[in-house]
Amino acid sequence: MRNFFSLTIICLSFLIIGLFLSLSNNLQFLARQLSENLAVVFFLEKDLSPAARTNVLERIRSSPPVEQVRFVSPEDALKRFRERFPQLQDVVSDLGTNPFPASVEVVLKDKTASSPDTLQFMNSLRDFPGVEDVQFNRDWVEKMKSLSRLARAVGYFLGGILILASFFTISNVIRLNVFARRNEIEILRFVGATNTFIRMPFVIEGMALGILGSLLSLALIYGVIRVFPLYLGASLGALQDIVNFRFLTLGQSLSLVFGGALMGLLGSLSSLSRFLKI
Amino acid sequence: MIELYHVWKQYQKPSWALSDITLQVKKAEFCFVTGPSGSGKTTLLKTLFRELYPTHGQIIIAGKNIQRIPSSKIYELRRQMGIVFQDFRLIFHKRVFENVGLPLEVVGLPRKELRRKVFNALRMVNLHHKIWEFPSGLSYGEQQRVAIARAVVNNPSIILADEPTGNLDTELAFEIIALFREINRQGATVIICTHDKEIIRRFADRAVFLHSGKLIGKETF
Amino acid sequence: MRNFFSLTIICLSFLIIGLFLSLSNNLQFLARQLSENLAVVFFLEKDLSPAARTNVLERIRSSPPVEQVRFVSPEDALKRFRERFPQLQDVVSDLGTNPFPASVEVVLKDKTASSPDTLQFMNSLRDFPGVEDVQFNRDWVEKMKSLSRLARAVGYFLGGILILASFFTISNVIRLNVFARRNEIEILRFVGATNTFIRMPFVIEGMALGILGSLLSLALIYGVIRVFPLYLGASLGALQDIVNFRFLTLGQSLSLVFGGALMGLLGSLSSLSRFLKI
Amino acid sequence: MIELYHVWKQYQKPSWALSDITLQVKKAEFCFVTGPSGSGKTTLLKTLFRELYPTHGQIIIAGKNIQRIPSSKIYELRRQMGIVFQDFRLIFHKRVFENVGLPLEVVGLPRKELRRKVFNALRMVNLHHKIWEFPSGLSYGEQQRVAIARAVVNNPSIILADEPTGNLDTELAFEIIALFREINRQGATVIICTHDKEIIRRFADRAVFLHSGKLIGKETF
């Protein structure tokens, strides 16, 4: 009964840590997807020769923070404008000519999307011959930066609290286990058992509890991640493609199990020491 | 073998549970400790296997000052001893067999020999038919005999028994003391605390009498 | 020692529930803010008389799902267009006339922002005389709907798991407490105590544990919510105004404490019953 | 007062801890139960205050079939009884005073009278100087006397004592039995389990002898 209880608590603790890790994995993934959508647009000069245009394109494509480059011809731009603002159709057809300049849309590498390097690089490109203007939503970049900072901060903060709480809980559960068997420990010492002999079963028990608890929690997390999207079902709607639930990485899973074992080991050893005195 | 020099023990401030006990028990001696309830018999015994440290004084066992033994090495002392506790101290979630086998298990005796010795010890206390029971399924007298079997199972050179016959009928009590006597004849030093005047009259070579922690009589019969 | 441990576990359970509640409060608040930004635009016919225009405006303003109405004259629209698309300045000035129609921007009441009622109402307005076209980003509405559904689903799911886990944990802790004192219960029965006499201290202890644990967790949550933004500090950046951390409502706090007391009561009573037999 | 009719008790399959016990103990009788270790004395006593239900048979106490009493009303039976358990059953985190006062506290006796009665009971077992100790700070004989004081503190009309002198020296044991005798003279029915032949010889009106769960001797002295 007591061991069952300990196992449950340990499993719950790891479940919470694991769910949290998985959530942060998903958030990170989401952030990456969002920052992939962060496009920078270079408006080219109207009277640029095709050679110069290729030159500029190459120049942009070869810059370190650039991941992907797409050329948008004035015709494409017009088509897009018509789709986006159907009420303004008349305006554009009245013009007779196409007022849109050619542009280059650039997708930045996720990691550098909001780094000062990138910003500086982009600003320098503004002065590059053939580029008339560089547009990218500074506000948007700022928001992305804040969001990722916020996510990380929430992560460290809550994660820290949870991990501390779990450590505390688990080591206390093991301490309680040892405490409940202090008479047995005493008797073993009185019949001449060495300290190693006494420690061994507790250490094994503690580590087994830790490992079993963490494995169980991994299984539960896996179950939740498999079942949860099904439960959400159609209600996800437009977000279906963005919210792609992913399991913990192998490294994370392993360190969870390893953490469980270590906690069991340390918990047992530290709780035992005070009963090995008399 | 066992020597106490000016041993004092105080649990709480004003009163002394043991005061100035000086006592030698020779090798292969058979010694009773008696005295009224609360006179310090259990306390005296507890200092001998170092459940308690005396407040003052020296205890020398087999030439060693036992207070000086580090607690990680104390098992060497205790492996020479068989101890019967007044409250038995059995492990209730282990069977009688495992309880009695404990002192052999901790020295890593082979399974087969362990089983033989445990069975012998239980037969000596007339309890071999309860070998696979749990202590909670035994009467108190039976539990006490399990504790006695555990104390003698590894042929200890020192036996310390605290009221080992308190829950036994007279015949059985005599048998148990006779058993200790037999082990004593084979060379073990035996110290038994008891209230039972009848037992002391029949078996004692020597009895020491405690009163409020003081040694007030050393009689040799 | 055992009571201290119980208290910690109960407090942690409530801490997690409470943090979760507070998170969901914040999310709800965020969702409301976002849906307040959800504007519907009615484009008015170009040659509408001021009287007819006022009529239409009144008609829109008095509709149930409408929260706020703003009239945008063609001049405002042009100004805004110029600000938003500086590269197209030439195009518009080339035109000579203002191509933009007058429009009415409508902010919807948060709760109905994505309800079918609203959608239907808006579509019906399309046929209203004086209104040439109704525009509102169906996609955006869809996304908001999904997001709020997602948040709610995550809420029910995780919240359910956590509350179940906490219930289980707390009732087990109390069960363990009772179990540790089963000898005392037995002795009390043997000296002739009535069942009520035996139950009383356990019930009081259980309820005290529950109440104390929940109060402690409330204090901790309060602390976290006060300290957390400070810790984030400047890194919040552009999100500072959106992420406005708020404490649990009074009702939520009270029901947390009440839940703690109830759990303590039920846990004690149910754990006791089996020791009141012999 | 206490009547047993064909009482059988079995813990585990083959053996019977009690077989076909039929026994009447009259009001204000002073009765000893004796027999070797494991003969069923404790089991017999436990059926009387319904810690155990007999497997077969009827137990009538004060005219009532105690098996029929619902467990929420069993306190009425137990308030008439003073029970000394073989393992004392003291509450270790409560002081001696509180332990002894327990049977008075559960009936809601006023504080002042409770204190007087507890002190008297402790003085009767010669332990009033340990009133504010915890049981863990007492010797086993002292713990046993606390258990005895608790059993007699509320002037019960029935006293059931299981081996109440197992951890006491002869003089003290005689005093305790004399105390029970005194209470018995004031009208209480007393049943005492004991191994001590000396006590039976000196005090018994009547002793019943158990062997392997069977009643093999009813002697009236």
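Letters A, B, C and D mark the chains in the order given here, with residues in each chain numbered from 1 onward.
Note that in this section contacts are C-beta pairs under 8 Å (C-beta built on N, C-alpha and C of every residue); 3 or more make two chains touch, one makes a residue touch a chain.
Here the structure is a predicted model, which means the values were calculated and not measured.
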*Which chain has its C-alpha centroid at the greatest distance from the C-alpha centroid of subunit B?*
C
*Using the average of all C-alpha atoms in each chain as its centre, how far is it in Å between subunit C and subunit D?*
64
*Quick one: subunit B and subunit C, Cα centre-to-centre, how many Å?*
69
*Interchain centroid distance [CA atoms averaged], subunit A/subunit C, Å*: 23
*asked:* What's the contact topology between the chains, one of line, ring, star, complete, other?
replied: ring
*What are all the touching pairs of chains?*
A-B, A-C, B-D, C-D
*asked:* Show me the residue ranges of subunit C that touch subunit D in the complex, using the header's touch definition.
replied: 183-184, 186-195, 197, 276-278
_subunit B - residues contacting subunit D, complex_ = 11-12, 34-38, 42, 86-87, 137-142, 144-145, 163, 166-173, 195-198
*Residue numbers on subunit A that touch subunit C, as the complex places them*: 1-2, 5, 8-9, 12, 15-16, 19, 43, 87-88, 90-92, 94-95, 99-101, 133, 139, 142-143, 145-147, 149-150, 153, 157-158, 161, 165, 168-169, 172, 176, 179, 224, 228, 231-232, 235-239, 243
*asked:* For a test of understanding, state which residues of subunit D touch subunit C in their complex under the given definition.
replied: 49-51, 71-72, 74-76, 78-79, 81, 83, 85, 89-91, 102-103, 106-107, 150
